[in-house]
Each structure stands twice: as structure tokens, then as C-alpha cells.
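Look for subunit A in each of the two complexes below; its partner is subunit B in the first and subunit C in the second.
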Partner chain A sequence: MKRIYVAAARCTACRTCEIACAVEHSLSRNLSLAIAEEPRPVARVRVGNAGGRPLALQCRFCEDSPCVDACKSGAMHRDDAGAPQIDRERCVGCWMCIMVCPFGAIEADRSRKVALKCDLCAAAGTPVCVEACPTGALLYGEREEFVTALEEIR
Partner chain B sequence: MNHVIVGCGAAGIAAAETLRRISPSDAITIISDEAEPLYSRCLIPYRLAGPSGPDLAYRDERFFERNGIAALLGRRAVSLARGSVRLDDGTSIGCDRILIATGGRPTLPAIPGIEKQGVAGFRTRADLARILALLPTTRRAAVLGGGCIGLQVAAGLMEAGVTTSIVIASPSLLSQVADETAGSLYRSLFSDRGARIITGVEATAIEGDDRAARVRLGDGGEVDCDLVVVAKGVTPNTECAREAGIRCRRGIVVDGTMMTSLEGVYAAGDVAETRDAATGERTVNALWPCASEQGRVAGSNMAGVPRDYDFSLRMNAVEFFGLPMISVGVVSPRDGGYEVHARHDPSRPFYRKLVFREDRLVGLIMAGEIAHAGVLTALIRKRLPLGPAKGEIIAGRIAFPSVLDVVRSNREGLGGEYADALLALGG
Partner chain C sequence: MRRTVDRAAEKVLDAAAGHAPATVWDRSDAMEPRCGFGDLGICCTICLQGPCRIDPFGPPGQKGCCGADVDTIAARNFLRAVAAGAAAHSDHGRDIAGTLLHAAKGEAGGFRIADPVKLAAIAKELGVDAGGLAPEPLAEKVALACLDQFPRAPLPFMNRAPEALRKKWTKAGLRPKGIDREIVEALHRTHEGVDVDYRNILLSGMRVALADGWGGSMLATELSDVLFGSPSPIRSKANLGVLKADEVNIVVHGHEPALSDMVARAAREGELLEYARQRGARGINVCGLCCTSIELLMRQGYPVAGNFLSQELSLLTGSVELMVVDVQCVMPGLADIANCFHTELVTTSPKARMPGVTHIEFDESKARLTAHQIVRRAVDRFPQRRRDRVNIPDETMDLVAGFTVENIFSNLGGTFRSTFRPLNDAIISGRLRGVAAVIGCNNARVTHDEGHLAMTRELLARDVLVIQTGCSATACAKEGFLRPEAAIGIAGRGLREICEAVGIPPVIHMGSCVDNSRILRALCEVVREGGLGEDISDLPVAAAAPEAMSEKAVSIGCYAVASGIFTVFSPPPRVEGSRNVCEFLTSGMEEITGGRFSFERDPLKGAAEMVAHMDAKRTALGLPPAMYGAETAAAAPVEG
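What follows is the complex of A and B.
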């Protein structure tokens, strides 16, 4: 399965990924309109601080996904490729997934009472955060491709 | 290989799905005493307020067909032995492996009047139907129990326009899952909306003619009502296992593969007793996330792919009247040896309590702000020594990058979810 990989050494904490993600998941999908939307569009990728070094992080698409185990409504499910995804129609906002995600990669949309997480931009080509990253810190592909890329970066 | 799964809740379904994924050709039979079992018990409270609540279906109606599962519905398993399960219609099913996922039933206190009309537990779709049928003739309700389920029922009844009293034996709300500070936040939310909350007193009788009319309290007081909902925990359905000579304490005792003391017979979910990561003690953690996970691990072992189940963990997520709370592990330590850090800001409202035992996090309450709670839950669950990350966590920096080094240095022995992620985060 294709995933988003993070070459942490290249991340400069510019947060372009966060903006691209929030806009992509806004109603208008347009930056200048999205900033005025209520409730405000929410990014599913977050840049954090790992011991003084920046790290962009979104859903890791775990194989033994604790979020799928914890979901009591069946909203968090595996798609045909085996990737955990949220069916928003079924989500009741119980926050069990937020309680168990080891990466803190699920956001609570409190106003709409639904959980939000990276959906790989519904797998429509390359996710926007990867496209937007100006330093190539985010990569989208198979594991082997990333391992090779990581060796080159080092 | 021939598998029989007794019970069709979270654990039974997770086991069946896992079995089918690993072994496309094994025979799987699910027995459920419910005619339509593919719903989520946890969603039932959402329907008290009206039919506009969420769809209760947890899997679609073609689930059995799609997965090639023989479903014996409306049937009860009355006894079992190694290699066979006997049903209430007298038939026996031979099999190689059995999973006991019979769950629990509402614990009903042995008080006079508990059998009256208008007294209900709250666990199944049938319980919901019974209560909904009583609602048109219900003006006032009494909920016995102030835990997560009791408060969900109370909130649902209040939304349905029923004047609701909550009778709680403990001194505070949510005493099993939270502390007094968190309990008092919810106490105000419920009483501000008209609920009468009675704490520190037991219900001693349910009075009335055929139908319940009032609850008598231990201090002599009374609560007038047309409906009594009992939410005082669940009792594991261990009868079949006990009769088969399987080792049980409060629940069915299982080993690290979810197998019971009887070879080839497994147990998972609200009926199983497992070791809790925070306390280290054997206990029944009758919780949806634990049930699914245990079912998945049991299913894998039944299919011949070894999986270890190390620890379960007490954890709850709730939201009432706009205030969310996540609570995990030990939240009210009673003896010494714990280090507690709590921060409370009623103006937001915000409450966070962290409970450490030496270098490990063993419990938390996060109310108001719940972001990144799972990062901490995983640290409790995996019992990781925190090192310098402890200070970060106490300072409120709990996003995953703050604990990346802890996870990295303990990567040996951590589950698959971390291995791939650490690689994906640059090794």
C-alpha cells in the first residue's frame, strides 16, 4: 500500500503542508475563501517539535489500527486496500479513536461532532501535502521507494 | 479447520473477520441469542432521544454471507466441551476451535421490586425497544448508576423530555473512571439542565403496583418515577464456561493467546479476564476497544497465526453537553507511590490530570481538551519508561513528536503499529 513517508531531516517547519491539507479539506477548496469558512477548515497533518527538530505527522495507516478496533459505530473502517478510513456519515463523535491513536493523528471536529484524519486525499493521485512540501520532506509511495530515498537523503 | 464463535458483539465479529482474512477456507459458525445481532450496543443510548439518532448497524446485513459465515441467530449455546457446542434446541455442533464471546448482562441489584414493569437494564436493542415503548407513558425516570452508561442514558432521557433523577451509590459521578474534580464538572452540567442528582446513597427498593412508581433510597428518601433504568455495570456471561470446568474468576481467565484453561477454547470481550496495563492486575475490562482487539487476537491464534495479547487497559471517552473527557488507567490512586500532576481551569473548562508511577505514566484524565490523548494512552498501554519525556508531558507537550525518542529507544518489543511508523518517520 502507498503511504506518506516523512524524511524528517528535510522538514523546515514551514507548515505549507498544514495549509494545503486544510484547504483541500475545506468546503471551497480555495485558500482565499477557506480562511473565511466557519467552522474553520482543519488540517489533518501537523508539524510538531521532536526534541528541537520539526516533524510533520499525519495518520500512519497502521496495520493493527487501534482506531479501527476502538470505533464503536463502524465509522472507522478499512478500505479495499486495507487502509483505515473514516465514514463521516457513520461517525458519532464519541472520540474513542482519539483516545487510542498512538500518534495523536486524529482531530476532533467538535462543532460537527466528527473525527477527522488524513484520507490520503481520497487517494486521488498524490496527496496535496506531498505536492505542496517545498523541501521534499514528504514522500508518497511504497515502502521500498522510501527506504531508497532515505538512503539518498542521508 | 472448523470454528464456532459464541456471541456476535465486538469480540465475536472481530474474531470472525480475522479468521476469514487469514483462512479463506475454514468453516466459521456464529451463534447469537439475538435475532439481529449486527448492531453496536454502544450506540443504543444515542437513540433514546428519538429516531433521528445514528444508524445502529455495525456491519451491513450481508456481513455473514460476504464472509461465508454460518449464522445461527436467536439460538443460545447451553453447554460446551472441547470440540463441541450444544444449543438450546438440542442440536450439537462439532468443531476444532471455540471462541466464547458471550459478553455480559446488566448487573441488576437484588432489591425488592426489581422485577416490576418499567424497570430495565440497558444493553441490547431489545432493552432499547422496551424503554422506547414505555416513554410515551413516562414523565419521570430514575437512572440507577452514575457511570458512563448511566449518564448516557440520563442524557438521552433528558433530551427526550423526561424529568430525570440519577441515583449514585458513590459520592461522585463517574467515580469508576474519573475523580471528584472531573465528576463535579459533569454534575453541574447535568443539574444545570434539570437532572436531580442523588449521590452517596443506594436504591433499596422499587415500589409501586405492577409498574414501578418510585425508588426507595437507603436514607429513607424516595424518587417518584414511571421508569427505572439500571446501569450498575455488567456481569460476565460465564455460565457455559464454568459448567465446562473452564477456569473463571469474575470473568473467564485467558492466557496470552486468549485461550482459556481448556485447550482449543478461547475467550474474548466482556466475558474475558485479562491483565490491565496500568494496574498490572487481572480484571474484566468490559470495553469496546478491548473487546475488538481481543477478538482480533483470539481469531488470529485460532487460525494458527500466533499473536500475543499482553495487556488490556481501562479507558473511556465520553462527551456530555459539549464537554468531552478521556480517562485512562489509574486516575484516583489510593495508596502512595504515585506522582500526580493536575491542572484545572474552570473558565475554559479544562482539566488534565496525569498519574505517574516512578518513570511510567499509569493514568490520565483529559477533560475539555482531548487532542493527542492517544499518544499518552499508548505510553500507558506499552508501559514505556519515559526518561526526559516525562518533563515534556508534565509541561503539557504531549503531541507525538515530544515522545518520539521514548518510542524510538523502546522500539524492540513494540507492536507493528510503531515499527512501520518509525521507519516512515525517517528511521
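What follows is the complex of A and C.
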């Protein structure tokens, strides 16, 4: 399956991906309006600190997804392609998925009491964070494509 | 997004597509997506502990490392923009004052006092004792009195403002302590760990801006009139079609009138014309871009090739031998395009040089010589022009420019001297709903000229007389709105009656962007004429910059608001990240000066807000509604 891959060396921690993600998951899809929406739109990608270096990270779509195993309500499930997804209707906000995610890639939307994570922009073309990244640190594609791209970057 | 609504610009872009160097639009596309933190004004790079960003989707109460919150950060960034804009205008004013001083002492080769009558009038306002002095010694005193406004108060031109406004300024502490001093103070104030109160910071912005509008910009306008002559209504042409296929094309670009005045004069001299003929050209064609061009247009009727976003396109026509630039709004991208053609780009200001570009420094004492040298270089390039690469669109448009406070109504009503009575009467009767100043830049993030045209068309249809300057005026000139006959097609019935009776265009061109000070003065005259309240904020007037781009525009917007004018400003000046800052600018200011901002992006909605504002002011003054209000509205339904 196509995934978002991160070329860590290119990440400059500008957080443009975070903004693009929050706007994409807002009601208005317009930055000026989105920042005033209540409840606040939530980004599903976060620029974190990976051993002193910045790293933009979102759901890795693990094959062995601890979040799915930990979910007691069945909200976190695998779709037909085997990718972990959240059914927001069934989420009870227990945050167990957040506890077990090895990447810290699940966000708690406290106002709505649901867990949120990357949905690859519902697979409608290239995810916005990838489009938005000004340095090309985020790539969207098959694993082999990423390996090739990474060699070029190096 | 469509790049431009200007047919000539579109033709040049289409012809260049695929095989020409990148233009501002290509580079703008490459900038997408813009950084959201920067766009919202909530990235602070002031101290070296940062950059600190406030997450606009994060919880409230976030702080930068020093403890500054989102309001402080947005307000400080905003103030720095205002200070930079005010600095640009005011430094331009300083240079004009310097040229006047040198001209008065006979040290500025070729410059002399062109309007001694205006000089005497200004001297009186500045409290300079004319005492039977000849123009030159008087000019020296006036220049010094103007230069004295930079380090310290008072700014005597502020006395032009209605008493009610002056009282508001004093009460709110908005009296500038000197032009330079306010700018320096703004930089101090925004330094790490100084002013934290966003209201206090924003008020400082208003004070800096007032020092620009009623100081630096105003003295630039007045002294330019003294030095280069006061404009009077004059016919000319606009758009890229003013470039000539068989003549040497010299494009003047930037903002200052001094060198371009000399270049234009040199290009008329027999010796150089003969030199051009020897090189195979039929003549020497001087035209321009941005405000340098407008200074030449207003006083001598030289044609305008385009506005800010047309600058690269003028070179892409392959027909420009030489572009001479001074300061402000000169895109660095010009150098790359000039390199692809036979065009020579020449910088002239010690403040504005470009790597690899010819620099011929403008020295006032040798102004005539420098201008000759520049024209000669242009002629030398003419034989290198490649006919097969010349692509001049045939679009040109007639226009009338050259209006000033002194002359705008001097031909009105058949009276001997200038009076604003006919304008006031037209507003009072409701033939005119009000007056709008549509001004400002172009911006690659907005479809070129679309904002100016859509807004102006809408206002005209609703019987609003539109006053313009700068790139906005050029946009409307290209569309034909600056022709008196334009009133027949696009103006509402009341406005058309006025235009036809007086023979003025429905859109009045009042000059360059420093000449927005003329608009301030005109509004003071309207108040003084009587019958429309005691203050500028009482008048049924509004302002707008629908395609704002530069920091100068931010400063202009602020001095308009600080002078009591409702001002629609788009795109917003990077303050949206702070609700409090936005709130203060869009409503808090109204309690202080009666003016306020609106950051409405849609030009038609912006125009509707301006019209609603005028109607509210009419009601407050006890005036009847616009005479043909309903009829006009029906004739011009809001599009989209």
C-alpha cells in the first residue's frame, strides 16, 4: 500500500505540514477561517524531536498495529486493505490507542472526545502534508519508491 | 487562479509561456503553500532565541520563549511593517527636500523652482517668514523647515486636519514626536523585551503612520510640486502598447521623480534625438512603471506602460532598450529577464543596487549629465534589438490624470478660484453617495487588477466618486475608467450627471503613492467647506487597498484609519493570527479616531461595506439617501 514516508534529513521543523493538515481537516478548509473554528481543527501530523533532530511524523500504518489490538470499542479497526482506521462513531475516548502507539502518532481531540490519526486525506490523491512540505521531506508512494528516492537524497 | 485580467499582460504571458524566464507569477506558484505561521503574523523572529511560533490550532495561552503571547507577537510584527512603510515614504520625502535644498543653493544641476506660488503657500503654512525673499532663498528655508520635521515635532502639515481630529490625536497620544523619531521608537519598542501591550504597540503604529501621511509623504508631495511643477489635468495613454516598435524605449521605474524628470528632458533634446536617428530609431520613447511613471504622467503627460505586476512583462516584450530604476517596488527578478534580452537595467540609487547590474549613481549636481549618459546608453542598445523577439501588445487606453487638491475643482462651477462647494453640494443633495479612495498595489496572490476593477466598477455604479493613486489608478487607467466619457457606461446616474456637467472622469487620478497625502488634504477641504460634519470621520467616505502588497500600503492603511477613514484592506496585513489585534484594528480604533479597518478579501463585498458605511454616515449627518439609490442598485446587480 502507498504510505507517507519521511526523509528525516530534509525536515527543517517548519511545521507547514501541521498547518496544512489542520486546515484540510477543518470545516472551512481555509486557513483564515479555520483558526477561528470551534472546536479547533486538529493536525494529525506532528513535528517532533527525534534524538535532537526534527521529524515530521504521522500514523505509520503498521502491519502489526498495537492500536487496533488495544481498542476496546472496536473503533480502531483494519480496513479492507488491512490499514488501521478509526471509526469515530464508535470511539469512546479511552485513549488506549494513544498509550500503545509506538510513534505517538495518534492525537486526542478532547473537545469531541475522539482519537484522531492520519487518514491519508481519505486517499484522495496525494495527502496535503506531502503537497505542503516545502523541502520535500515527506513522500507518498510505495516502499520501493521511497527507497529509491532516499538514495537520491543521500 | 487567473493571473491577470489585463488583456495586454495576458498576451505577453501567453507568448512567453514555456520558453521565457520565470515571472513573478511562476515564482509565486513555487511559494505555495505559504507558511501559515508567517501568513497569520504569529512567527516571531525578533530575538535569537526564536523563531517562536504560536500554533494557531493549539490551546490558548501559548507563549514564545520570552513569554510573548500571540497578541504581542502579531502586534510587533505589524508595527515593524508600518515602520518600514513609513520609512520608505519618508526617506523619499527627505530626498526630495534634499534636492530642493540643493536646487535652492544652485548645487543641483538643472533643477530649479518650478512652482514659486506653491512654494510661497507652503512657506506660510510652515511659518517660514517669506519677507520678500526670492524663490531660491525661500526654497532653502522651506527645505530646511521640512527637514526639521524628521528629528522632531511639530509636523506643521497636521494643522491642516480638522480641529476635531486634532483633538482626538492629542487625547489618544497620537501626535508624532518627529518622523524619524517615531520610526526609530517603533524599532526600539518592538525589540526583544520592550513593549508587550498589543494596544500600546498598535497605537505606536498609528503614530508612525501619521508621521508618514501628514509628514514624510505629505512633504514629498508638496515639495515635488514646488520642484517639478504642480500637476494640472493632462491627457495621456496607458498599457504596454505605449512601447514603440520603431523608437528607442526607455522605461523609468521606481518612485522618485528627480532623475526620471531629467531623463525625460534629455530624451527631448535635439542632440540625443539625432544620435538616436543615426542608430536607426525614429525617436526616443520614455514611458514608465509604478510611481516614477506617475510622477512623469501627472506633470508632463508621459505614458504609463503598466503597474507593479507589469514590470517584468514590459521587458518580456523584447522592445525595451533600457530600464532605469530608483527605489521601491523594483523586483529583483527584473535582472534575470533583462539578461535574456538586449535590455540594459540601470540602478541609480545608492540605496538600491543589484549584483551584476549597471549602476550609474544619481548625483544631483550632475543630474543633467547623468541623464544624458543614460539616454545615450539606451540609444546604443537599439541596434541590438532583435525584431523577431519583439512582441508589443497593441493595447493602449486614453486617460486623463493630473488632479490635485488645488486644481480638482478649479474648473468646476465656473467660479474664479478653486472651491470644494460643488462637491459638497453634490454629496449633500445625494447625487453623489460619497467619495471612495481606491488605492494601493498589485499582489501576485490576487488576480492582477481584478480587485481594483471589480471594486471600482461597483462603487461607480452606486454613485460613488472614486479617487485613485498609484498602481490602482494605473489598473483603472488601462481599463478606460479615467476617461471623462467612461461615466456614460459605468457610472450610476447621479455620478454621471456630475461628470457630464463638469467634464471630469468618474475616477480621479491624484498621483503616486506618496500623493495619497493629496487625498487627506482633499478630505480636510471637504470638511472645511462645510455642511458635512466636523471631522473626516463624519464624511460619507471610505478607502480601500484591494490588492495590497507593500509595507508602504500597510502604513497608508494605518494613517487612513488614524485619520478617521473606514479602510478595506486586502489581503490582510498578517494579523489574523491574533484575534485581539484584529479586533483592535477593525473596531477598537473606531472609538479613538472614528476610522477602522476591514479585512474583507472579496472586492465586491468590500465595496458593499464601503457603500453601507457611506449610507450610515449620510444618515448620521441627516442627509437624504443617495438620490438614485434604488435605481442605481437595480442597474448594477452585484455579480457573483
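By definition in this document, the second predicted complex is superposed on the first by the 154 of 154 C-alpha atoms of A that agree within 3 Å, B and C clash if a C-alpha of one lies under 4 Å from a C-alpha of the other, contacts with A are read in each partner's own complex, and residues count from 1 in each chain.
Keep this in mind: a residue touches a chain if its C-beta (ideal position, glycine included) is under 8 Å from a C-beta of that chain, and two chains touch if they have at least 3 such contacts.
Given the structure is predicted, the values throughout are model-derived calculations rather than measurements.
After superposition onto subunit A, partners subunit B and subunit C are found to sit side by side with no clash. When the shared chain is aligned, subunit C comes close enough to touch A:R40, but subunit B does not.
Of the two partner chains placed by superposition, only subunit C is touched by A:V23; subunit B is not.
After overlaying the two complexes on the shared chain, residue contacts for A:P102 are found with subunit B alone; subunit C is out of touch.
Residue contacts after overlaying the shared chain place A:Y140 against neither subunit B nor subunit C.
In the superposition on chain A, A:C62 makes contact with subunit B only, not with subunit C. Comparing subunit C and subunit B on the residues of subunit A they touch gives the larger count to B.
Our summary of the superposed model lists a minimum C-alpha distance of 13 Å between subunit B and subunit C. Those residues of subunit A lying in contact with subunit C across their complex are 14-16, 18-20, 22-23, 31-32, 34-36, 40-43, 131-132, 134. For subunit C in complex with subunit A, the residues that touch the partner chain are 33, 35-37, 39-40, 53, 55-58, 572, 576-577, 579. Contacts from subunit B toward subunit A in the complex involve residues 10, 14, 40, 42-43, 46, 54-55, 57-59, 288-289, 292-293, 296, 315-319, 322, 324, 326, 328, 370-375, 377-378, 397-402, 404-405, 415-418, 420-421, 423-427. In the complex of the two chains, the subunit A residues touching subunit B come out as 3-9, 46, 48-51, 55, 57, 60, 62-66, 68-70, 72-74, 90, 92-108, 110, 143, 146-147, 150.
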